[in-house]
Amino acid sequence: MYLFVEQLVNGWAIGSLYALFGIGFGLVFSTLGILNAAHGTYASWAAIIGYYAVVWYGVPFPVAIVCGVFGGGIIAILVDQLGFQPLRSRRVGLLGAFITSIGFWIILDSLAGFATGQQSLAFPARSYPNALVEIGLIKVSQIQLTIIASLIVVTVGIHLLIQRSRIGAAMRAVGWNDLAAGLSGVNSRIVILLTAFLAGATSGLAGVLGGIATNNVHFSLGEGLMLKGFAAVVVGGFNDVRGTAIAGIMLGIIEVFVAQYISTAFRDGVTYTLLLGFLILRPRGLFGSASFVRA
Amino acid sequence: MAESPEKTVMLDIDNVVKRFGGVAAVGGFRMKVREATVHGLIGPNGAGKTTLINLITGLFHADEGTIRFAGHDLQKMAPQDIAALGITRTYQNVRLFSGMSVLEQVMTGCFLEKKSGMFASFLGLPSARADWRRIRDHSMELLRRVRMDHRADELAETLSYGEQRRIEIARALGSNPKLILLDEPTAGMNQAEASEIGRLTHELRDAGLTILMVEHNMGLVTEFCEACTVMNFGQLLADGDPRTCIANPDVQEAYFGRKNDATRIQALR
Amino acid sequence: MEAFLDFWAAYGSTVTFSMVNAFFALSTYAVLSAGVLSFTTVTFAAVGGFLAANMVGNFGLSIYAAFFLSAVGGGLASAIVATLFLRLESHWMALASLALVLITRVVVLNAPGLTGGVYGKVVPMSISQLDLLILLVVVTFIFYRLHNSWYGLTARAVREDAAVASTIGISPFRTQFIAFIVSGIVGGLGGAAMAFTLQFISPETYFVGMAFTMLASTVLGGSFHWFGPIVGALIFTALPATMQAVVPAIEDVAKGIALVLIMVFLPRGLIDPRAVGLRRAAKLREEREKRAAGENANG
């Protein structure tokens, strides 16, 4: 029973990372219409930035996270402005932006390789809170609690931003119809920059927390998150952050339990089969409302 | 000018409803188009005319009602099957294929007219090559009819708007249709070019085609259409002879908001 | 002659690999030219590759018979994929195909009897460069014929505007289904060619890296003519190899930067028939204006 509950919390924490990562990916896809292959590298870079902030400057844990989050956000804005902005006027569509993002993926990935010396790094043990907290009958590490709480805060925050604020209404308008948004006086430039920043920042948060939790800061950290985060977005539904959050947690729990009670060999297979099943049978995901039908 | 009663009904639209997110773009509309006539469809912007054409050609499916063409129920048929029955169209905002020459556009329009199979064409069998030449000659003939044959080898997207409209008409004629739907065929044309399109519709009608034409140029409608239907807010407003239709006070109100603005109607004519 | 031999010693394998990559690029082009962005070539290649490896290794078939079976296997796989995927709207289609690539790796990992699982599979035969070249020429000729036949015209129409094509009487589903079958056959052949070239294949051989390389090659060369993917594959394979000789450390970075620059400055790729038409139109317009000016001057 203890094992069961502990694994449940483990799965929840892992799934929260997938969801944190997926939220930004889904946001960019539904708002800007870009399938961004470079999204994973924001997480890798955020983890690397956080790591060097700790190792070189000895900053405390929260500051390291803030450094990583802002680092991820700024890289995302740079990628958007250098790579995607020139394409916007040309109507090259999904394919053009996707190829460009592959280019940035290759660039940022190999630069991350240099930054880490192709090594696997780990945050110094005392640089982050890692004590075990007793909750009822089980013990949970502080970092896991941080991850779980982060996802809740980010999900609620972004959901409120999109649904309640003026800029959120503008984001929905741009996602629905670029032209209509322009006509209704929405400054699409600000929407684009904000969306890119939020995507990079959430991906970065997932990267720093993931790097700490797995004790492994590596240049390909983002790739692992990419595949699972992508699954969370599809299963949850692209245009609803709550869907992504719930689906991510679900996938994390399913993964841990499949590995625990069935076989580690099937762990990834179950996730990807769910992913494909949803794409074919219910492309708008569990919680997505509308599809991307454009005449 | 009254429509001759002996002409059979070719297209019968009955009580058709199409909603987009709760708003009815077409709400219980009905009209009949008789064989070998030039039929005008008019109405203010946003009246649902283009939606209706999309419904007839199968790009949209109606929520309620029936659309019948020459004895076939078009409901739930795929666009390519409707085209095979003999309905083709042009588009309000010209939709030619990017990257294709003028001749290629029209040859693509002849897709249903080809007699050789795709595989025979791939293998380059002599019969398929002969068929390809036949289609090419036929396409050139169609281009001659719209006076675009001298630009056959040029990239269609580099030509003027009026020229592109004429190419689109030639493409729609390629499959040898029974009914052709022209969605604002003279938009962006001057009076001389527009009259030319009007004369072309009469030529086609005399050859046995039925033409349904969405048109904002009232002069053109009164001059060339034998029948006319007015649409407003997705519903039927008036029906019958073009002159009587346009003179109808409801129609004038729909277009101008006020019943007595006679000078502006005069200007429009 | 000696210079040539030196060149061949240094770059012979690059030429071989660019030929292999040309199959994948052509397979991607096959669907892309009918308006479908799909990564499933990787799956077709995996089917072809492992099929060929088993046929040669376990059943002692000749290399030619193995190629034939790989093409059939790739074609069958593509028929299944097309039936499932073609109902999806284009964005979802691209995502689903990416998911299939991920699943392909999981399947390959978990079927060690057929694939060697994690340890991969040794392929006990290799293909000569001449045979590879002949096969590529045959495949290219097929694309040339497709391009200049009714299929080519309908595929272009469906790609540019599927709705308009359907109102002309062209079935987008049928056209894209044929495109998938061609993609499957060529992808299967490419998978086998890869197996016989590397002589060792593993789950990592047919994975995301391959998906991105082949798509990048196609878009770089140009996806509006069959010659584009071949040129793209050659450049995209040769570029890292030559870069490595000049600046070994930043090989990958340079590859990425090249990709971004091409998309920004040449979004339709190096081989673009439409650009030729546009240039011709500009020239015609200029001549017409000159003639009109001349007439004015005379009159």
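Order as written gives the chain letters A, B and C; numbering starts at 1 within each chain.
Going forward, contacts are C-beta pairs under 8 Å (C-beta built on N, C-alpha and C of every residue); 3 or more make two chains touch, one makes a residue touch a chain.
Just so we're clear, the structure is a prediction, and the values are computed from it rather than from any experiment.
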What is the set of chains touching both chain B and chain C?
none
For which chain is the distance between its Cα centroid and the global protein Cα centroid smallest?
C
Where the CA atoms of chain B average out and where those of chain C average out, how many Å apart are those spots?
40
Could you put a whole-Å number on the gap between the CA centroids of chain A and chain C?
31
Chain centres from averaged Cα atoms put chain A and chain B apart, in whole Å, by 49
Flagged in chain A as touching 2+ other chains are 295
So chain B residues touching two or more other chains come to 59
Residue numbers in chain C touching 2 or more other chains?
163
Please give the residue numbers of chain C that touch chain B in the complex, ascending.
145-146, 149-151, 153-154, 156-157, 160-161, 163-172, 178, 224, 273-274, 277-278, 280-282, 284-285
Chain A-touching residues of chain C, taken from the complex the two chains share:
32, 37, 84-85, 87-92, 94-96, 98-100, 102-103, 106-107, 109-110, 163, 212, 215-216, 219, 249-250, 252-253, 255-260, 263-264, 267
Which residues of chain A touch chain C once you look at their complex with the stated criterion?
29, 35, 37, 82-83, 86-87, 90, 92, 94-96, 98-100, 102-111, 113-114, 227, 230-231, 234, 265-266, 268-269, 272-273, 275-276, 279-280, 283, 291-293, 295
Provide the residue numbers of chain B that touch chain C in the complex, in ascending order.
57-59, 78-80, 82-84, 88-89, 91, 95, 97-101, 104, 107-109, 111-112, 114, 116, 118, 121-124, 128, 132, 154-155, 158, 171, 174-175
